[in-house]
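Order as written gives the chain letters A, B, C and D; numbering starts at 1 within each chain.
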Amino acid sequence: MGWRLTLRPYVLIVPALLLTCGILYPFGLGLYYTLFDFSASKPQPDMVRFENYETVFTQEAFWNSAWVTVLYAVGAAAVETVLGVAVALLLHRSTIVGRVLEKILILPLMIAPVIAAIIWKLMLQPSVGVINYLLKPFGLGGVQWTDTPTGALLSSIAVDVWVYTPFVAILALAGLRSLPTSPFEAAAVDGAGWWYTFRRLTLPMLWPYVLVAVIFRFMDSLKVFDIIYALTEGGPGDSTVVLQIRAYLEAIRFQRYSFGISYTIVLWAVVYLAAMVLVKHLGKIQRKAAEVAAK
Amino acid sequence: MSTAIALRGIRKTYGKNTALDGLELDVAEGEFFCLLGPSGAGKTTTLKTVAGLEQPDAGTVELDGKDMRGVEPYDRGVAMCFESYALYPHKSAYDNLASPLRSPRHRLPAAQARERIGEIAELLGISALLDRPVGRLSNGQRQRVALGRVLVRPARAFLLDEPLSHLDAKLRQQMRAELKAIGAVQRTTTLYVTHDSVEALALGDRIGVIRDGRLVQTGTREEIWYRPSDTEVARAFGRPRINLLPGVVTQDGGFRSADGTIELPVGAQAAPGTDVLIGLRPRDITLHGPGHELTGTVYVTEVLGRSVEVTVRLGEQQVSLVAPRSDTTGLRPDDPVRLSVRPENLLLFEADRPERPGRRIETR
Amino acid sequence: MDMHVPDRRRFLALTAAAAATPLLAACGAGFGGDDNKSDGSAADDVTGSFDWKREKGTTVKALLNKHPYTDALIADLKSFTEKTGIKVEYDVFPEDNYFDKLTVDLSSGRASYDVFMLGAYMVWQYGPPGWLEDLGPWMRNSSATGAEWDQADFFPNLLQADQWSLKAGAPLGQGGQYALPWGWETNVVAYNTDVFTKLGLKPAETFDELRELSGTIKRKAPGAGFDGMYGIAVRGSRSWATIHPGFMTMYARNGLRDFTVQGGKLTPAMNTPEAVAFTEDWAGMVKQGGPPSWTSYTWYQCSSDLGAKKAGMLFDADTAAYFQAVEGASPASGKIAFHPGPKGPDGSLATNMWIWSLGMNAKSKKKSASWLFLQWATGKEHLLKSAITHNHIDPVRKSIADDAAYKNKMKNLPGFIETFETVVDQTKIQFTPQAQFFDATTSWAAALQEIYGGQGAESVLDGLAGDLADKVG
Amino acid sequence: MTLRKRLSGWLADAALILYFVFALFPIAWMVILSLKPTNQLFSTYFSFSPTLDGYRTVLGDSEGIPFVRFFVNSLVVSLGAVALSLLVGLPAAYASARWRFKGSENLMFTLLSFRFAPELTVIIPLFVLYQKLGLFDTYVGMVWVLQLVTLPLIVWIMRSYFADLTPELEQAALLDGYSRKQAFFKVAIPLVKPGIAAVSLLAFIFAWNNFVFPLILTSNEAQTVTVGALSFLGGDRPKYNLTAAAALVSVVPPLLLALTIQRYLVRGLSFGAVKS
């Protein structure tokens, strides 16, 4: 009869396990494909071993895409962190204004990134967009937002920031609200200033919460696709061709399946490595925060 | 009397931690058995193993002589009161009490159930609280509801896990008295877990002392009190704690303290020169009574209501004793005193060792 | 009740098949290749005398691009259904993602659409994997094709442009007929007559003049009552479609080629010194006289800017200007004139063309009905009606081009007919047929954007050529 | 001192308002744009004669784009994906929260690692697979691939909800005489209901907002609003009012959910992120 007891959890996870295999299977298949030269024009491909990866790493286009991707991810995650924490701190004061605004904080996060990109595309139109209209009085009427390499990258990051800052803010706010009060009371009794309290108490204790958000954001923006697809489609030139866009062009538009997947496999490895490093870091930060809270 | 609950060689580990290490336990039919031990000793695990909520890695659980292997908790017919109460927070007190009576195994018709719940609520003094959601009850009230959920249904055994621990001292004392008086409890085999030796002594027909997943001693309260199996058990019972003075066994089987100031003839059944501890319970030492005499000086006195705790310096050692207030009037620190202890009240133990407490040595 | 048995059995069989397929795929190669190519054409199954009603009751699904030709087609669908009893369901997508959609759909092998619009260039990508039905057998089968369809009425070069032998570098006009020409476009210059009169300008005859003219308009027009007007609208988005109209036309007029073909091997030629110089000039023209936010410009923006009086000139498909020029279509209608555009250094008016064609999905389950639809949509009756009552201009059939009512309609547009007749003989596909057309032209457009952004034309184009040499060669 | 304090308070509020202008203006601008008549699109900014024609066009399918069908498709596949994920995810989350057993952590981390995987890695093989199984452009195919989005979310968040729930409640139910199934449904499930609600809604929104999967794995039968809205960019004349109307219609369900139950969502979000 004992086997029934040890087997029970397995019975419960079998459906999920099957479904997971259903998702894993194409992953494995994808990995397998990268060893071939499978494309629309070659439906019965030959094994090429690691040639696809060799091509990826020797292509200038890959290194350009990798660089753009990193710029995008670092830029977006950094701005979102600073802005998100700032918004959380401001909301945490819980003034009347803050309490009202907090209810709508989540809105941009609920909008599909691709829709957000469409919205911003319309607003950033140099000729008819509202942003240049509003900037006109300041003498900035004719900015070519998505038309210059730097502008296009910054505009894409702006959309990312618009959508995802609430995510960081929500986590930071949840963190702020769960901090122990005694260290702050002690600091207040000692007459510590706002900045000192923030640097020495709030930030170190809050950092684990924020870091979780940053990890999520950083990893997600490494695989950005929707926003760029709808906003710039990778242009102008190759200035916003991030890795997933490159993979899309290769695999879908040009129908070179194997080669396109090789790109995403490399990206996956990068994201995974980044996650490992960050999670390790998170553990350290959490211990430190616990020490501060205990003092 | 037949054995209602029997545990044979139960082992249970959680990862690297061993919770139960070859536990043996017998509880007789209708008996009220108290399992006493510090936290982490394996008390709760023992209860859950009996209930079938935990599966032992080795050993067998028998209820009424039947091996319970593979029998689901709901088929074991035992009722358990959890230390955390485990009341359903989304239900009212009434629904919590009614839960067993609505289950497939103990189902009663609604009217009958209402009657039964009324009786139990009356008994526990919670009749007025039945409509309240559990979240709005005090700890004491929750405790009673949890107990009620156990009592409301028929059971072959009650398993009670520290049911009084979260109560304040007064309520605890009151409940302790009531609990024993409840008819169902008197009739039903009860395995009661506590870390409070007073509770164990007050309630238990028999007491089992559990430590590190093993039962170190089982017995009636007298056996536990007068013949503790080792220094730990001796320390666990009685407040103030038993005095344990280090020394050696002399050539003639007597005891001599380490500094030589105390010598007592005890008839130790141990080789001369063995390191030992002699145990003197504070309430067994008198100021003017019969027995062996010891002289020392008063160190400090502390009034405990009608009696007084006196700490006396005997050479390099200190012993405490409890004496009636009338005997201690006029005692000041540094006053010389003479203590006496009856030979039959002397307990002798091996010296404590790092790996285990000293075992009791038989005396003549 | 008895019905349960076979049903359940079939269900089980299906489930087992569904479960086994991925396993089988894992054991075998697991690629999505087309392994059940039949030798014969479905056209051979059609016998007997021709009958429009042969497939009545069938439904054909069409994927259409958002285009004035499409509007004309949809408006006339009722007469097709009346004639044949075939229902047509359709989806319309804008060009931005039309071809992504079509590519994905065809490669899925699901035959979501039986018929679809495509350009002649797409035959090069869609033909080799076997996604397109060879229409030759259908055209030749007199049981399937009515006599009134009259193959000889098509301009032969247009019909040939949709024929290919599926070999990279091989000339068009040989092999299977993978699509039928439906409407086509030459690429010429259209201009706003108001601004030309006001500023005293004349259409450019050389490329240098065109560049200067663009800059002049951008500098002077806003001050002359044309608020926000710039010189010339050309496409600039990061898409294959940026290359083929104005750019490729001017490129060809300069005697330049995309690839050189030697012994069946293609070598990129976008980085020859002459090509580099031309490309640099083109980017310079856009910078000095082109639209703001040029890198997002598709033909929609180009066309509508001419109509909205934001662009002084448009170097793109003649139809793109035509749709703005017809009466009441835009603020600029009535003020748009046509001109063949600048000649090459040797006087060449070589012009690239775009042919909107109709093709059939090789996986279609309703090929016979689909063929009836293609036959009707490219037939005289519908095309004539579309040309006269709608905006389906630039006929693919001689009979319509010569039709008096059609000529009368186009007469009102200054320079349209003259321009058309000037370039028509030199209009052909200026690209070298090869399956990586999308990739090559997309990268080319990206390169153009980079040069526009200030990078050195030579190094950018060398990079492009190097990249393409590996992929195409 | 108090004046300084009050002043800095005002400044902080002002900064907050500034951020929310940034956050809300785009949505407001879409509303404005969607109400513009086509002929005033390029000539006006804030003053124009508002009309609902844009919405009529979008919802009336009159541009040849079956937007209502896309909307229904989004509903069907998102609800389907969440339902399937709950069905298989709840038992798995429960099992892994309650018992330590071989493979449990592996499964959990496999699920989590889906989060790190670029969508295109799986899409292309799926595309080939769907082609063989006939799942391209079907609801079943979409529900399957959306498990990549919904299943990890539901399993991870529900696992922490179950882990937070003391097992003694279910144990008490067992001793009350209920079977394990009854203990799960009568005790555990009612207690994690708020969690289920929060995570289902979050999963629904994420499934709804997904773009890459329908972009590549659907054609016309199962295409969703996120891809459909893109169809309005372009056209023979850029009809930005239609684009705006389509964009707005497609964000209605998530926004409505967000406004009515934002507390749940915030909780779900923080829970999921902080716990994992």
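Heads up, the rule we're going with is that contacts are C-beta pairs under 8 Å (C-beta built on N, C-alpha and C of every residue); 3 or more make two chains touch, one makes a residue touch a chain.
Predicted model, so just to flag it, every value in this text is computed and none were measured.
Enquirer: Per the definition of touch at the top, where is the C-beta contact count highest among chain pairs?
Expert: By number of C-beta pairs in contact, the leading chain pair is A-D.
Enquirer: Please indicate which chain is farthest from chain C, where distance is taken between mean Cα coordinates of the chains.
Expert: B
Enquirer: Roughly how many whole angstrom separate the Cα centroids of chain B and chain D?
Expert: Inter-chain centre distance comes to 56 Å.
Enquirer: So what's the Cα centroid distance for chain B and chain C, whole Å?
Expert: 91
Enquirer: Any idea how many Å lie between the Cα centroids of chain A and chain C?
Expert: Once rounded, the distance between the two centres reads 38 Å.
Enquirer: Multi-chain contacts in chain C: which residues touch at least two other chains?
Expert: 22, 25, 30-32, 104, 107
Enquirer: Any chance you could list the residues of chain A touching two or more other chains?
Expert: As it turns out, chain A has residues touching two or more other chains at 25, 29, 33, 252.
Enquirer: Could you pull out the residues of chain B that touch at least 2 other chains?
Expert: In chain B, no residue touches two or more other chains.
Enquirer: Looking at the complex, which residues from chain A come into contact with chain D?
Expert: Contact set of chain A toward chain D: 6, 8-10, 12-13, 15-20, 22-27, 29-30, 33, 83, 86-87, 90-91, 93, 95, 97-98, 101, 103-116, 118-123, 128, 130, 133, 162, 165-167, 170-171, 174-175, 209, 212-213, 216, 219, 223, 225-226, 229-230, 243-244, 247-248, 251-252, 257, 260-261, 263-265, 267-268, 271-272, 275.
Enquirer: What part of chain B is in contact with chain D in the complex they form?
Expert: Counting only chain B, the residues touching chain D are 48, 51-53, 72-74, 78-80, 82, 84, 86-90, 99-100, 103-106, 149, 153.
Enquirer: If we count contacts the way the header does, which residues on chain D are in touch with chain B in the complex?
Expert: My answer: residues 166, 168-169, 171-180, 182, 187, 190-191.
Enquirer: Provide the residue numbers of chain C that touch chain A in the complex, in ascending order.
Expert: The contact residues of chain C facing chain A are 22, 25-26, 29-34, 100, 103-104, 107, 125, 128-129, 228, 237-239, 291-296, 310, 435-436, 438-439, 442, 446-447, 449-450, 452-453, 455, 463, 467.
Enquirer: What does chain C use to touch chain D in their complex?
Expert: Where chain C meets chain D, its residues are 18, 21-22, 25, 30-32, 61, 63-64, 66-68, 70, 74, 90-97, 101, 104-105, 107-110, 112-113, 298, 300-301, 303-304, 307-308, 323.
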